[in-house]
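Heads up, the next two complexes both have chain A, just with different partners, chain B and then chain C.
Here is the complex of A and B:
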């Protein structure tokens, strides 16, 4: 049985349902990232797990115990907030030790736990400082330290890196991954950043409008997105989603044509010839070469790679990842070909993977 | 060389411009605040009545007389009691009430009703409040006495405003009734500015409501606590209207405060110099408290 079970959980505010019945099983020591756009209900779900929001419907089970009506402090969880929520009038040491003080932990044991957390997070020299005397990254570490000292069954992170600048975010991402390895703890992490999801997660849960769109390992979601929403959300730059028509089918494979871009795609459900479908192909799975003609509208040279923002003859937009040194023709003309076996096909009506 | 003088001239011009901007306010303050305050100190060194043409310079005699006036010590003690009780109620109790109402313990409707009920007395004129409470506190026929009789506490019945031991405390009580809700509203605004997730972090850390109050609310609103405390103390020092309406300093000057004493000296006994001496004492006590406030705020 899963260590933590989210069973049909929903959250209703008046007539509006922010979370509409979500099921997730989380194994012990698993790092689960809940990802989705703003307003998809991911933070609400995390707050319900923490006990900061009541659960309107469904069950939350942690380590075999139903937690719906258990107060936050007794759920065996610790939470790292987006704003860090450090107690501004307490030192780093007092911030980390507060929960232990409330729980009347013996002083020497509390000191030992604080020292260990400080060692893991390299906070030793900062213990006597106030939060206002720390940098953003240091504050983030204190917030994590405050969670560590409680030795929780489950760590909850609510967009913990979104207030940091890009370089610090990368560094903290690496540190979080190391921390997970070191602590071997169960972690539930909410973010809108799909890069954080891809790099940190053992398992990604993609949410939209209060419902689960797909659950799976990062590469599984990247390689086999369940629908056009997941396909467009996971991966950077976004996957190209093109209107196409099925021109031929053989066993387990369909040939589609999107305004001249012809592609053979492996499918589980064969569409009928002539059906309107959505062809999904990531920019990194297109290459310059003999194939469909496109017109480049703009390009971004990042050094190692170049992104070409182009249009197909029928006006559909298409992003292509090219070699960093690629030379464009003076008239902006380019021909592209898809890498074999890398394209995806979705139903034109439901958007579901075929 | 003219080049090197230019910046100085520019700075001077800038500074002149600044002074010109503040000049109207400064002039107003000088004529209506600083001028009268200094003139009052000068008046306190003379003995004269409002109508007299002859002013006798008496030096510090008015202050000496004040020091030896038993009413002065009564008034000072009453003002101190006023301040102490006001700080306890208007800062202490109002803060607790605000924290309870903001903690979302009660349903929104009850919390709003309670907040409105507590706030309402502060919008009433002091004279109205004084007169209404005078009626309520009337022995035998007043509502308070009737309640005491009806509930079998008739032995507690007394002329609250007519006895020297209770008069000032009855007035202080009415003042708390009027202003605690107002201060509570100020604290509610301050508490709302404290980030919500600090309380949530505390909740996850297992802190009780009381612990959240001491560890988040109190430090989070301490600037407001400081300002409200100082304003309340200064208000208690300057109090006049409610005392004058309810007891006029009686019975037998038992509920006299510095404000009523000063008013009586100036407008009843026509001793303007003596009254000015009282005003000067109030001024210097208030100034000291004000300076302490500025010092405390700078220390933050």
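Here is the complex of A and C:
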């Protein structure tokens, strides 16, 4: 049985439902990343798990116990806030020790726990400092340290890296993954950054408008997105979603044509010939070669790879990932071909995977 | 750098004008006090002979005379009333402000409006009803007759100031403390109070100055020497000492010294607190 169960949880503010009935099972020691665009209800969901928002409908069960009406501090949960929320007038040591002080933990035991957390997070030399004397990354570590000392059953992270610059974010991402291995703790992590989701998660939950769009392992979601929303959200640069028409079908396979870009796609649900569908193909799964002619509008050379932003003859835009050394023709003309077996097909009406 | 300016002469003139205006204002504000302190060292004859000059002989004994004349008792009474008022007022106002900022309860906006509404009521209007209440309850002619109305009339503005400051404290700090297991009382004490120190200093100072200089309540609600505050005390002093201006000035000087000293010591906090309250 799952360690933490989110069963049909919803949050209503007046007549508006921010979270509209979400079911997630989380195993012990699992790292679950909840991802979605802003306003999708991911932070609200996390705050309901933490106990900072009441649950309007549904059940929250942790380790077999229903937690809906349990005080935040008694749920066995620690939370790391986006703003870190460190107490500005307390030193690093006092910040980490506050929960222990409230819980009346004996002094020597508290000191041991703080020392251990400080060691894990390399905060030893900073224990006597105030938060304002720390850098962003160090503050982040203190916030995590404050969670660690409580020895919680579940860690919650609310966009913890969004206030850091790019290089620090990468470093903290690696440290968080290490921390998860070291602590062997269950973690629920909210972000709008799909790279954090892909790199940290054992399991990704994609949310939109208060509902779950897909739950799965990172690569599973990357390889088999359940609908056009997930397809467009996970992966960078975004997957190309092109209007296409089915021209032929054989068992388990459909041939589609998107303004000259012809592609054979494996499908579970065979569309009828002539049906309007959405062809999904990632920029990295397109290559320069004999195939569909496109007109390059702009390009970005990143060194290792080059992104070409192009248009199909019917005006649909298309991003293509090319080799970093690729030379463009003077007139911006390019022919591209899809890599076999890498394209996705979605229903033209519902957007669901075919 | 000056050469880069288009009209250096004009800039200098501007500066001179500005200084002149500020200097004039400063003199207007400070001079009466300087005058008071200078004349406190003179005899009555000296004062009439040279009102604006320095004392020929510095008569320090004016101060001891005034002190022994009863000003010590008035000062003590003022100190008691002011301290008690500030302590009670700040405690009530911070708790009210905390509730108004972080807690969700029914009719919160209405209650806040009601508290602010108290600031509109002029103390004079309530003098007679309050006098009756004091007489009925036996509070008349006690310290409480001054402390309670002073607290009541100070609360609206003090609550307003502290609430404005508290709204600037991120709500996530309280949530983090909730996750850490702290209850509201503990969050108030260990998170909000320490962070409110600057505004507590300014609000306390504003309230102390108001209470120290308060006149109407002190005139109406107490009569015996043992509870009279310095504002009323100095007035009766003036009646009794009509002939001896030097001693009278010394008494007046003594009566403003404590609050002046407090203000000078806490000046920086005061200015900081006012502005930080203003922009939030």
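As a convention for this text, the second predicted complex is superposed on the first by the 354 of 354 C-alpha atoms of A that agree within 3 Å, B and C clash if a C-alpha of one lies under 4 Å from a C-alpha of the other, contacts with A are read in each partner's own complex, and residues count from 1 in each chain.
Please note the rule applied: a contact is a pair of C-beta atoms (placed from the backbone, for glycine too) under 8 Å apart; a residue touches a chain by one contact, two chains touch by 3 or more.
None of these values were measured; they are calculated from a predicted model.
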**Three-chain arrangement built on chain A, chain B and chain C clash or fit** = clash
**Message:** For A:77, using the defined touch cut-off, is the partner it touches chain B, chain C, both, or neither? Pick first, second, both or neither.
**Reply:** both
**Prompt:** Does the superposition put A:99 against chain B (first), chain C (second), both, or neither?
**Reply:** both
**Message:** Which partner chains sit in contact with A:336 here, chain B, chain C, both or neither? Use first/second/both/neither.
**Reply:** neither
**Message:** One more residue to check, A:354. First (chain B), second (chain C), both or neither?
**Reply:** neither
**Message:** Contacts for A:197 in the overlay, against chain B (first) and chain C (second): which applies, first, second, both or neither?
**Reply:** neither
**Message:** Give me the intersection of chain A's contacts with chain B and its contacts with chain C, in residue numbers.
**Reply:** 50-52, 72-74, 77-79, 81, 83, 85-89, 98-99, 102-103, 146, 150
**Item:** Residues on chain B engaged by chain A in the complex (per definition of touch)
**Value:** 195, 197-198, 200-207, 211, 215-216, 219-220
**Request:** Mind listing the chain A positions that touch chain B in their complex?
**Result:** 50-52, 71-74, 77-79, 81, 83, 85-90, 98-99, 102-103, 146, 150
**Item:** Of all residues in chain A, those that touch chain C in their complex
**Value:** 50-52, 72-74, 77-79, 81-83, 85-89, 98-99, 102-103, 146, 150
**Request:** Using the touch rule from the top, collect the residues of chain C that touch chain A in their complex.
**Result:** 170, 172-173, 175-182, 186, 190-191, 194-195
